[in-house]
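After this come two complexes, each holding subunit A, first together with subunit B and then together with subunit C.
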Partner chain A sequence: MTGYLLRRALQAAAVLLAITAAAFGLFYAAPSDPALIACGPKCDTAQVEAVRHSMGLDQPLTGQYLDYLRGLVAGRTISDVDGSPIDCTAPCLGYSYTLHQPVLDAIGDRFPVTLSLAGGALVVIVVLGIGAGFTAALRRGTAADRLLSGFTLVGASVQIYFLGYAVQYLLVYKTGLVPLPGYAPLADGPGPWAAGLLLPWLVLGFVNAAVFARLTRSQTLETMHEGYVRTARGKGLTALRAHVKYTARGAAGPLVQLLGLEAGALFGGAFITETVFGLGGVGKLAVDSVVQNDLPTVVGTVLFAAFFVVVFVALADLVVARLDPRVRLA
Partner chain B sequence: MAEEHSGGPPRDTLEAPSHGPSDTPSRGPFATACRAFRRDRTGMAALAVAVFCALLAAAAPLVTALYGKDPTSHYGQQTPGLLSAEGLPVLPNGGISADHWFGIEPGLGRDVFAQLVYGMRTSLLVALASVAVIAVAGVVLGVTVGYLSGLADRAFTFVCNALLGFPTLLLLLALSPVIQTRFVDPGENEPAWMQFTSLILVFSAFGWVPLAMVLRTAVRALREREFVEAARAVGASRRHVVLRELLPNVWAPVLVHITLAVPGIVTAEAALSFLGVGINEPVPDWGRMISRGSEVFYDDPTYMVFPGAAILVFVLAFNLLGDAVRDALDPRIAR
Partner chain C sequence: MTPALSVRDLTVSFKGRGGTETTAVDGLSFELERGEVLGLVGESGSGKSTVGLAAMGLHDPARTRVSGSVLVGGTEVVGAPESAVRALRGVRIAMVFQDALAALSPFHTVGAQLAEAYRVHAPAGAGRRAEAREKALAMLERVGIPAARARDYPHQFSGGMRQRVMIAMALVNSPDVVIADEPTTALDARVQRQILELLAELREESGTAVLLVTHDVGVVAGTCDRMLVMRGGRGLEEGPTRKLLTDAAHPYTRALIGAAPTLNTVPGTHLPTVDDPVRDAAAGGAAQGLAGAGQRISAATASRPTAKPGGAGQARAVRTASAEAPAPRGSGPAPARPLAEVVDLHVEFGGRRGLFQRGRGRGAVQAVRDVSLRIDAGETLGLVGESGSGKSTTARVLAGLQRPTSGEVRFDGRDISRAAGDTRLRRELSRDVQLVFQDPYASLNPRRTVEEIVTTPLRVHTGLDKGERRARAAELLEQVGLRTAHLHRYPHEFSGGQRQRIGIARALALRPRLVIADEPVSALDVSVQAQVLNLLMDLRAELGLSLLFVSHDLAVVRHFCDRVAVMRAGSVVESGPRDEVFDDPKAPYTRELLAATM
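Moving on to the complex of A and B:
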């Protein structure tokens, strides 16, 4: 297991490094001029050149990338548009000349929103997705199975940018059953926090739970007829105990991997959900930075999101290796 | 994007049916699958909806000519009495009338039905072109790497893992303007075909990964089988083994994958347009219709219902179709 752990950690680190290079190369190789954007429309040529120099954009791309990596590990000092130095502590993701703050600070300000949204949505995904999928598989062919399968099919096909507005119109605007979605810090009390996030949790959770439920159902159906489950039944376990103890473990692998991917994607910012419900999280920051051509923030949020995806996928792989000896010995 | 789950475990798709004792006259695997598909009523209904959508999209100019409206005219501003002073439709339910079946757009006053039909064209064009690129790239890379193994296999796995580590939709979002500005001078209006090309490029760049990974696994299992060994033993070239022995045995997962990739790309394209970096005006687009609808949805919810429902029906049909294709091709399901 230790060997597998090391190999997997090394692989994750290498993938992350490759992603930083790719993201940096793609965006900084783009023709839109960050210095021009940072300086604003009123700058003359000399000022733009000064900004270009203070941002380090006149250096070759490899040098800029190495500076970026150094900042990521050890922090660095970046000059602002007017040349004044800004201390960017590690892990430095660059400095946004649009927001006038280090990218990591901008992300940090908004991360509680994303964390709250993702955490609650993950609970909904796991409870609803696994519950519905497992129930449907154990009652295959019954009315309950057909009802649940119909629900999950709709859930897997409906889009957040439609469902989100539809439920807001019906539940908030028309009937007032649910308070207007918004973010209140958890420190101000759990009541307003949960009330403001209730609808985003349910919508984001429902849509993702549907995919999860479909996979749970098919995985459970595939596993429950395996020989070892029959053996467990044969030695006298009740159906439910046999399925919980043996089927669930055998079926869990792909589910854990999907959960890792989902969790990684959600913690990096659920930008459609945040846009639909007007929540100012990391996802909204990413969308705004793309629209405003704020390149440092774009690269920073992409790397931030990629970090979560890579880490959670690796964590999921470790859990799978723990569950299934065939994986770690391969 | 619901395209991740089309793979499943590697399976021997083509062995069982033709040898089954119940199939007395030996039938090819394709004929067996077709027969199974035709018996699946949900699948046939889904296929009918998908074909209907494709025909509607292909015949969009004809349909709107018969209907008598086009997607770009500002009917609400030309004809008094259709839009109020605030730019909202005067008639109830978004201005639905005999003239405008699905109502008119708030503000500009364009015809919703015509926009919807042309929007389908936009979605399908991007999706089908991307899927074509994905299928070719995925098959070539997956089959080649699966057969080669060794260093090529390691490099491939690493690249795939790196690409999967990217937050896909966020990267699509971030990349679309980058690609667009790469080929267009600042201040110039970007031609529509350029937006289409850049979207197709972006979707293809990431879309081939899951398909290639599934095929790699499938080919690795196949290449150890007796019939491949036999072909090699009688001196078949590498080219023959790959093209004539391996390739014909992997079309089933390819078919399932590309069927399920279509709704994934349609929704991703709509999401990009919804967020403001997809297809620009004046080309009709479902995602941009939803985005416009979200600005006025408390006053005129109807405008958002039509594109939202259209995406839902379209995606539902393709998801059901993908499931049916998978079931029809799976020999383990008893017929």
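Moving on to the complex of A and C:
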């Protein structure tokens, strides 16, 4: 087990390393000049060069990359546009000259929003998607099955920005049934926090739940005719109990894997949802930084998102191994 | 006293797509007395398993219509509310399923699954859990599994042990009736015997009546007081087992009993066969001819399909040395050089090997160790052993499909040990060595017509044009007892036996010098098995085939093969001419196997 975790951590580190390299390399290939952007439109050539030097952009690319990696592990000191030192502690994701703060702080400021949004959406996904899929499978061929299947098809085909604006218009502006979406810190009380996030949760959850509902339904249908489910019924268990205890267990593997990927993706930021509902999360930060050629923030957010995917995928593997004793961790 | 199980006019039909209805059981009646063992015998599609599920009330209510009456100890099951049937299940009537690996939950320990079977019906109370656990442990011990293993999962047990768990689970509440549906079919002969003995012992202890559902007359002969033969959903004949075995009234029963070769059948003789009871519309007319397939085979005098220069030129080189015709069977001394042989063969699988670690990796499995075998031209070598003995792996090495870890592999004097990794060598070899597989459902491409399936080897290896290939395919179909009209059909339109004939036709298309048949009849019903064995014997005589016949079934091997090699745990424990091995087995293991063969 310890060996497995160690191997897994090394694997994750390798993946993350490759991603930083790719993000770093790609950004340098782009036709823009971060020094010019950091310095501002009023700078003359000499000033830009000075900024370039203080930002370290005149160093060779490999040197900059190694500096970055060193900062990630041990922290480093970065010089601001004017040459003044900024202390950046490990894990240092660099310093944003656009936002004038370390990238990690920029992400940290926005992460509670993303965390709240993703967490709630995952709950919706599990309850709505997996619940609906399981119910539909158990009532296969009935009106309930058709209704749920149709509903999930809507979810799969509709776009978040359309659905988001539509429900916001109907439920907030037209009828006032739901308060205006927005982020209120959980520390200020769970009421306003949940109220502001209710719509984003439902919309983001619903759209992503569709895939889960369909997968759950097909997995359940496949598993419910397994011999061990029949054996359980042969013992005298009710059909429902046999399905909850045995069918669900058998169907869970791929769902957990997919849920791991989904969680990883959501915790890395949900740009469209954040934009539609005016939430300043990590997704919005990432896209803004790309638009503004804010190299350190781009690499930082990419790395941050990748970190969550890697962690949650590994977590999902552990859960699957826990659910099925035949699975060997290797 | 009321019988343990009483079935009256039971009819079960399944609703299919588009309103069609298939009747699986048609007006069946029988009674199972308390403490009795009744064998319910039939081939696939006879409806025998449906009877068991209907008695348990376990069919899918949305798709199934059940009428008639099933009384479990006097309580009606048919039409009873689910809650009433559930109260019977597991307490008064329990079931042992065929495939214990599939029938046990892979996610729960065997102890937990056993305890649950008891707990479901135990009266609610504080001590219920503890009591169920105790009961489970005691039951495990009773079926010969140490209680300490209750915490293990099904996949950690052998097939026989898993079936013991199933039996323990069925008997934990001492039911009136146990329905055992093919309880030993997936097991090796020796384990099968142990399980049947255990079942008999437990039955005597508990007085539970057993309905033993099986296709295997041998199993019934050894265990059942009475037997009921089913065919096409109907009860055909019922009576004391001994009487039916020796003096059955119905010809089908007689044929069913005689169709499987036993250790007393005269080797090489034609086995009695029965007509296919269910003739599917598509393959319909052919069934008529199947029984007499042997007689209808034309003399195969045609030469090998000619190869155009260049096209299959290399293939020819392989068999330059022994251009002489294979020696006729049974005449003259054995040729100096064997057609195919393996010497000191080792094969190992898997294992985790470090990046810089050489040699055998951790956890590697030695599938074959130190095996030496030879197949002479015109002879049939039977490779026999239990599952996991390495017989299939050895066959795959000879077919050039598996890379040996070490050892020599030769076909016609040529080293073919690298064929598995060498596409060209493998291709050349495939001209002379062809395979017939176990599962005729899995081994034929469902999207290809019979013509495409049979002519593919010709297309790959010969320069014959489409018309010539078709003519050859038609000739082959005739040879295996099918008809030219079948060329344009797809595999799903044929029965299992017919599919196996198609597989044989494909294997023979190139007139190979060696045919490797891996369990070619073990997926077939006994009567169909007899037909295919008859066909193979006819073709062998007619074409002078050399065969490697891999099988777990000693009776079939004895019937079909000239020489026999017995494998166990990767090694050959005994080999020699058929009569020597069967009449005077040297290895204790061979004797054990023979004793377990029913």
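Assume the second predicted complex is superposed on the first by the 317 of 330 C-alpha atoms of A that agree within 3 Å, B and C clash if a C-alpha of one lies under 4 Å from a C-alpha of the other, contacts with A are read in each partner's own complex, and residues count from 1 in each chain.
Heads up, the rule we're going with is that contacts are C-beta pairs under 8 Å (C-beta built on N, C-alpha and C of every residue); 3 or more make two chains touch, one makes a residue touch a chain.
Predicted, not measured: the structure shown is a model, and the values here were computed from it.
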Touch check for A:Lys235: first (subunit B), second (subunit C), both, or neither?
-> second
For A:Thr62, select first, second, both or neither according to whether it touches subunit B, subunit C, the two together, or no partner.
-> neither
Have a look at where A:Val211 lands relative to subunit B and subunit C in the superposition and call it first, second, both or neither.
-> first
Between subunit B and subunit C, pick out the one touching the greater number of residues of subunit A.
-> B
With the two structures laid over each other on chain A, which partner does A:Leu258 touch: subunit B (first), subunit C (second), both, or neither?
-> first
Intersection of subunit A residues contacting subunit B with those contacting subunit C?
-> none
Residue set of subunit C touching subunit A in the complex reads 56, 58, 62, 82, 86-91, 94-95, 97, 99, 102-107, 113, 116-117, 120-121, 153, 155, 166, 169, 352
In their complex, what parts of subunit B are in touch with subunit A?
-> 2, 4-5, 8, 158, 161-162, 164-167, 169-171, 173-175, 177-178, 181-182, 186, 263, 267, 270-271, 274-277, 287, 290-291, 293-294, 297-298, 301, 304, 307-309, 311-312, 315-316, 319-320
Along subunit A, where are the residues that touch subunit C in the complex?
-> 141, 226-228, 230-239, 246, 249-250, 323-326, 330
Complex contacts: residues of subunit A adjacent to subunit B = 11, 14-16, 18-19, 22-23, 26-27, 30-32, 153-154, 156-159, 161-162, 165-166, 168-169, 173, 211, 214-215, 218, 258, 261, 264-265, 268-269, 271-272, 275-276, 283, 286-287, 290-291, 293, 298, 301-302, 305-306, 309-310, 313
